[in-house]
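Structure in structure tokens, see below.
Letters A, B and C mark the chains in the order given here, with residues in each chain numbered from 1 onward.
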Amino acid sequence: MAELLQFVFSGLTVGAIYALVALGFTLIYKASDIINFAQGEFVMLGGMITVFAAQAGLPLPVAALLAIFLTTAVGLALHRFAVAPARGATPVALIMITIGASIFLRGVAQIVFDKRFHSLPSLFGGDPIKIGGAAILPQSLVVLASASIIVLVLWLFIDRTMLGKAVIATAANRLAARLIGVDTRSIVDFSFAVSAAIGAIAGILITPIALTSYDAGTLLALKGFAAAMLGGIGSAPGAVVGGLMIGMIEALSAGYISSNYKDAVAFLIILVVLIFIPQGLFGRAKVERV
Amino acid sequence: MRALLETRLLPAIAVAAIVIVLPWFFPSMFYYRIGTLVFIYALAVVGLNLLMGFAGQVSLGHAGFLGIGAYSVAIGPTYLGMPSWLSLFAGAALSGIVAFLVGRPILRLKGHYLAVATLGFGLLVAIVLSNEAGWTGGPDGMTVPKLTLFDWSVRGSDTWYWIACATCVLGFVLALNLMHSPTGRSLQAIHDSEIASLVLGVDVASKKLTIFIISAIYASVAGSYLALFNGHVTPDVAGFLRSIELVAMVVLGGMGSIVGSLVGAIVLVVLPQVLTVFHEYEQALLGLIVMVFMIFLRRGIVPSLVAMLKGWRK
Amino acid sequence: MIVLETDRLAITFGGVRAIDGVNIAIESGQVFSIIGPNGSGKTTLFNLVSGLYKPNDGSIRLAGETVTGLAPDQLARRGLSRTFQNLQIFSRMTVLENVMVGRHRHERTGVLADLLHWPTVARQNRATREAALAALARVNLADVAERQAGSLAYGALKRLEIARALASEPKVLLLDEPAAGCNPIETQDIDHVIRSITQDGITVVLVEHDMRLVMNISDRVHVLQSGRTLTEGTPEEVRSNPAVIEAYLGVHGSQEAGRAFD
């Protein structure tokens, strides 16, 4: 029982990070129909900038804020200088641009930072807390709490503010949104900025547990993308549930089957789910109108 | 002469002419090596282009088939006593069977869902290859015995250059044949409208499966060549980054363009070699170049250039 | 002889019965029109008959054979073809290639032959090409055969879809609003094309809002309202049926409606 609890906790922690990455995918996809494969690099940048800013002598909270700020700027730049100029290109071409961006950001990180693994001190120390016989790192609780807050804030924002409504309008029908006076370009700008910020926060949160390096983003992007698709692309609840599910499946199969095959189990389940529910768990089935 | 120029095989003939002349200008063996790699990749890319550019079905896991082909020529001779050439064919057959089994359920998925499903398939292959160390040597990989045909041991980059080149041109010819055939037309139709294809009597599911299998076999043969040529194979051959690389070659060269497949392979094989001069800036530059290409030649290098030329002539 | 027949056909979308027990029986060689106000289920009926939707209830018979629930491509191979209200063009292919795809069900080469370009493939390509050109000529598009389909004007694309469907040599051809968005001259063209199609013995089922076209060329007119049959008869019978006029414009508009039908 204690063992199961242990696995569940580590699954939830990793899953929360996947969920945040998946939310980043979802936000940008909603606003612009683009799958942004540089999403993982936002996470990497959040972690790496914090590490190096802290090493340079900044207090940790300041370093973290700086990282979020800079990563947001990178997100905006990605849209302004790479995605927006390619307006009207095919989805595959746009995906290639974001993949190019992710290689570019990885390359730059390798030059500006280094190729080593880095960690951050945990906010509440590294001593595990015992809950029901399971040892839980305080940072895990920080991750879960922060992820919940982000999801809540995002939901309140979308649901309660005018800008949030504009995002929904843009997602539903870009042309109609523009006709009623929504500046859809700013909305896409905004979605890249928020996705980058969420990614950066995820990176800062996970670094004390999982370490980071210049190439940490690839795998996270992959898992985040898979989570977003499992949930149903464009569905925010789907992204959260998808992320948590993949985290749990990984942790449980690592614990009970084999840690070498944890990714295999996760993707096998994704395959099976999609074969039976081709639009993902929370996605809407598209009825083709002819 | 005019008739020859207008045949459907023109791209293949042009490519064949260029590659025969090219080695005269190679200053060293190293260039043969790069040329060989270009042809091997181009073979896989043509197959993927038939699937993606032509039939409009994305695969982010095609390196999985590259991996099956590569490990077939490693495991066959080492553990099963099969000659390399037979292992190559066995690998191609295995890839075809796997593509059939995997393709049937997942090709019903559309767009990004198909992308994530194929991505999952590729990862599964890579994970199995790096974990079944008893057969595959694990993450460190294994040595691949040299290709021997009737007591003739194939060695040397120049020999491989000609073998890869001939196979690649053959691959081009088959692809061009297919494009100009009933099957090819229905595949292209599926890309534009599945519904219209269906009501015209095209069995969309089986056509998609057919092209998935064909492209898997292309990738498998390329994978076998890659392993035989390098003499060594690691699970990276089936990895996600390799799949992405293949897709990048297709998109960069031009979706649906056979010559584009070669151009895409040239750019992404040669470019990293050139960029090594810039040492640590290599990756950043590579990413930057991919972005710039896609922003300014968004339809891919070959189709964009063709469109430009037509514009000038007018 | 009845070539296409539905028996108590019904389909439900989220609790709404979009088609609710519709019976039609179409004589071979006729022009059979289905009319009704927007949302009355005309296109849904087409989607059911052509196999894009599976009915919840009822059956469909094509040339005497029960074909309920068959996939669109299986129906196509039995001689049913259709066009679409909002075009489904293969826009990246040439005009000619679009129509060549229409010949698909008559093409007899295997994948292996296609890959190796056996002589049969060359022969097949020539035959397909000729038949496609003939179909294009029937809708006056032969001169743009080599153009990319996506570059054609709307009215031409409407005719291209008809040529593509014709190329498959159907027994029954479903035309979904072929004149929608066309100017009077283009509508005239469509009228001529439909007449020439029926001369070949092909049965035409027409969904159309242009009443003049419908009343001109139909043998029978079937009126749908809210997924149910309102009435069926010859154009004259339908035109003078007060229930039809009311269904279209409500009681108050019936006078104007009367004029519109003339």
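One rule holds in what follows: a contact is a pair of C-beta atoms (placed from the backbone, for glycine too) under 8 Å apart; a residue touches a chain by one contact, two chains touch by 3 or more.
Everything numeric in this text was worked out from a predicted model, so none of it was measured.
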Measuring from CA centroids, which chain ends up nearest the centre of the complete protein set?
B
At the largest C-alpha centroid distance from chain A we find chain C
Whole-Å distance, C-alpha centre of chain A to that of chain C, is 48
Distance between the CA centroids of chain B and chain C (whole Å) is 42
How big is the gap, in whole Å, between where the Cα atoms of chain A centre and where those of chain B centre?
31
At least two partner chains per residue is the criterion; list those residues in chain B.
195
Could you list the positions in chain C whose residues touch two or more of the other chains?
52, 84, 88
Could you say which residues in chain A touch two or more other chains, in rising order?
288, 290
For chain B, which residues are in contact with chain A within the complex?
52, 58, 105-106, 108-113, 115-117, 119-121, 123-124, 127-128, 130-131, 195, 240-241, 244, 247-248, 251-252, 255, 280-291, 293-295, 298-300
Which positions of chain C touch chain B when the two form their complex?
50-52, 71-73, 75-77, 80-82, 84, 88-93, 97-98, 100-102, 104-105, 107, 109, 111, 113-117, 121, 124-125, 128, 164-165, 168
The chain A residues in contact with chain B across the complex are 35, 82, 85-86, 89-93, 96-97, 99-108, 110-111, 218, 222, 225-226, 229-230, 233, 258, 260-261, 263-264, 267-268, 270-271, 274-275, 278-280, 288, 290
Listed in rising order, the residues of chain B that touch chain C in the complex are 174, 177-178, 180-186, 188-189, 191-193, 195-204, 210, 214, 256
